[in-house]
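Written below as structure tokens is the structure these notes are about.
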């Protein structure tokens, strides 16, 4: 598994995001046991402490839950939660950046919406 | 319990101080990276922990004992560097089988597997190997001994990047199965930062930083922008690094916590926040002066 | 994992001894070479005497394997000094070791080398006799000491071993002293030459202390006590502290 | 012999140098594994040990034996020479009994003249020539040569000496010394390690030679006339 080490995102965040994608893609079902910190460390070639921090990030958001002595499991509704969270956090953040950049480049709001519309069209045709 | 306890340790060679009142502790089963520039005292520190040399002052304890000339500590420690010497009458395979009886946890199937993976010539002489192959071979010993304290001093010297990756991967995989305390020194943090848990940064024989690598990533940010705006923004704050990269433009590195409150205003001032790789941060932290090499060329 | 399982000094020293025996096995080629070369030198005789009274001349060639033993002594001297050098010490680094185990295993190696050297150097005398038996005119050979009593052979072996132990102790101590301070490289020869010149009688009685001892048990006792002293001082010197890197 | 040996030696030194260079480890240096080293040294030791029984199996018959009674024999022969010097001449019978004196040759010649004169080489050894008259006229001249003990070290090699060639012809006894004789001995000294405890103070033996003297005893018939000739002072008539 390759991590993007140049990214601003810390590795443990990248790991957490990768796990979220796995859950979104239904590679891991609800109440299914998720990778342990050691498996993740092995997969990503990172220190297990880093992997543990990634898992804890998910646990903090209740995407996974701990069973004492058994490890971590995917929470029910995890998928839904991730979707909502991503919409809220990631998309909103991206739009914010988009708007700032558009302003800097003197792109009007309608032009921007057009560009989004066009791109979506192109993407579908592909 | 701490495997290494270093309290106010100084090592001097005549007038020179290789280590200067150094204190730190390293916990059990952690992978710690010892980072520092050339001549920072990394090798001196590691040799001292391995029991090769004695501290001039201060208290150093490894497994709760003074490591110098201590058989018990020696039995639990392996020190790997590229000065390791093996007898001329040993071929590479001989070395693996002859070193084995000394270390209780030695795993010969692992050693043989790694030996074959890196396709060494079993009949070769250790003294005849290239720098990179020697480092690789020594690292095999370092991994296969499975010593409770495994020390690597610049283990990847001369290795090509593929072998480096393999080495770090092998080390981590074996560590996951058989956790142990590992110390790795390097002047290049980037190549090993992923497998580290902690980082110990030393500069001129003194401790600079000792913290989990994840915290290092969040320690500081770089800000770039108009000189005037930037200077007012960071006024009164301690800068880690400052560089004028174009006329009227400034680049500074600053601790994240010191600008926590104002962080939202950065963008509004037309300033750009840039991530700093831990590697660069270490370079800035151990920099001799504020400027760096560019200053040398800016005089004219 | 944290518990300090005590390591046994003796077992580590034995492991190191076995390691070093294999590691330094190339050193023995030096001994073999020295013995074979001196054997061929010895075949030419060590001294030659001839005299005549006008009508007849008598020449006597003396043969002896002593040269082989002397060169074996030199070999053990240099081997012992070499073991104390940094280059040889370095091979201990990857092993479980401390100063004492390193010294004990060195001494073990030297003792083995002494036994090997003592046996082979005395047995080369047998080889010399056999070569002479087949290549020389036997009617010219004086039987007296050419026929070697087996008890003499055993005696020669044990005495050669004892001398080698003594010499290896001298070499090891010398090497250790030079590790303490390079000044000893000059001091030791200076002292030896100084004593031999200025206090010739002391120096000679020192040598005679061993060479003129005619009782084997007493000689063995002298050698063993002196060697233990020399090796003991060497261990103390090396254990004293950090040796200059 | 020694030339062959020095050639072998040169050859060996050559091999040694080649080996030294081998140890200098060129680029593709393959170490001699310790197993090979142990094998080689073990083999060397093994061969040397095997030689011990071989040495004891070799028959020792051809060697020169040494004698114990050297001093006595030398004293006795010196005594004899002293007596001769002091004009105390022994008879042949005396000589036969003396310790340290050996009969070297014994020849008998027919008397072919009424006179006996001598032809002696001027340069030959200072042999005393003793002439003994027999009680009878049997017409025979008996010539015996005796040598006193000849030693080198403790080796008595008196019997290896060649007697002078003696002929009697036309009343002329001629005496020709044999060609110059050379004797070579090979003395083996035990190792100094053994000598130190072997009740021998030095492992190097005194191998000083003790040269012998020859005495010629001529027994002539009672009536034979003796003409001593030019070198007659060496001839004593008892």
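A, B, C and D are the chain letters, set down in written order, and residue numbers restart from 1 in every chain.
Throughout what follows, a residue touches a chain if its C-beta (ideal position, glycine included) is under 8 Å from a C-beta of that chain, and two chains touch if they have at least 3 such contacts.
Remember, predicted model here, so these are calculated numbers, not experimental data.
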item	value
Interface with the most contact pairs, given as the two chains involved	C-D
Approximate Å spacing (C-alpha centroids) for the pair subunit C, subunit D	40
Centre-to-centre distance between subunit C and subunit A (centres being mean Cα positions), rounded to whole Å	75
Chain centre separation in whole Å, for subunit D relative to subunit A (CA means)	112
Subunit A and subunit B, separation of their C-alpha mean positions in angstrom	31
For subunit C, residues that touch 2 or more chains besides their own	22-23, 25-26
Two or more partner chains touched - positions in subunit D	32, 34, 37
Two or more partner chains touched - positions in subunit B	87-90, 94
Chain-level touch network, classified as line, ring, star, complete or other	other
Chains that touch, pairwise	A-B, B-C, B-D, C-D
Touching residues on subunit A, where the partner in the complex is subunit B	3, 5-8, 10-12, 38, 41-42, 44-50, 53, 100
Subunit C partner contacts - residues on subunit D that touch it in the complex	1-2, 5-6, 8-9, 12-13, 16, 19, 23, 32, 34, 37-38, 40-41, 44-45, 48-49, 51-52, 54-56, 58, 60, 62-66, 124-125, 152-155, 161, 177-178, 180-194, 196-199, 203-205, 207-209, 211
Subunit C to subunit B touching residues, read off their complex	1-2, 4-7, 9, 12, 15, 19, 22-26, 87, 90-91, 93-101, 239, 241-242, 245
Touching residues on subunit D, where the partner in the complex is subunit B	25, 27-34, 37
Sites on subunit C touched by subunit D in the complex	22-23, 25-26, 28-29, 32-33, 36-37, 40-41, 43-47, 49, 51, 53-66, 69, 116, 119-120, 122-127, 129-130, 132-133, 135-148, 150, 152-153, 155-156, 159-160, 163, 211-216, 219
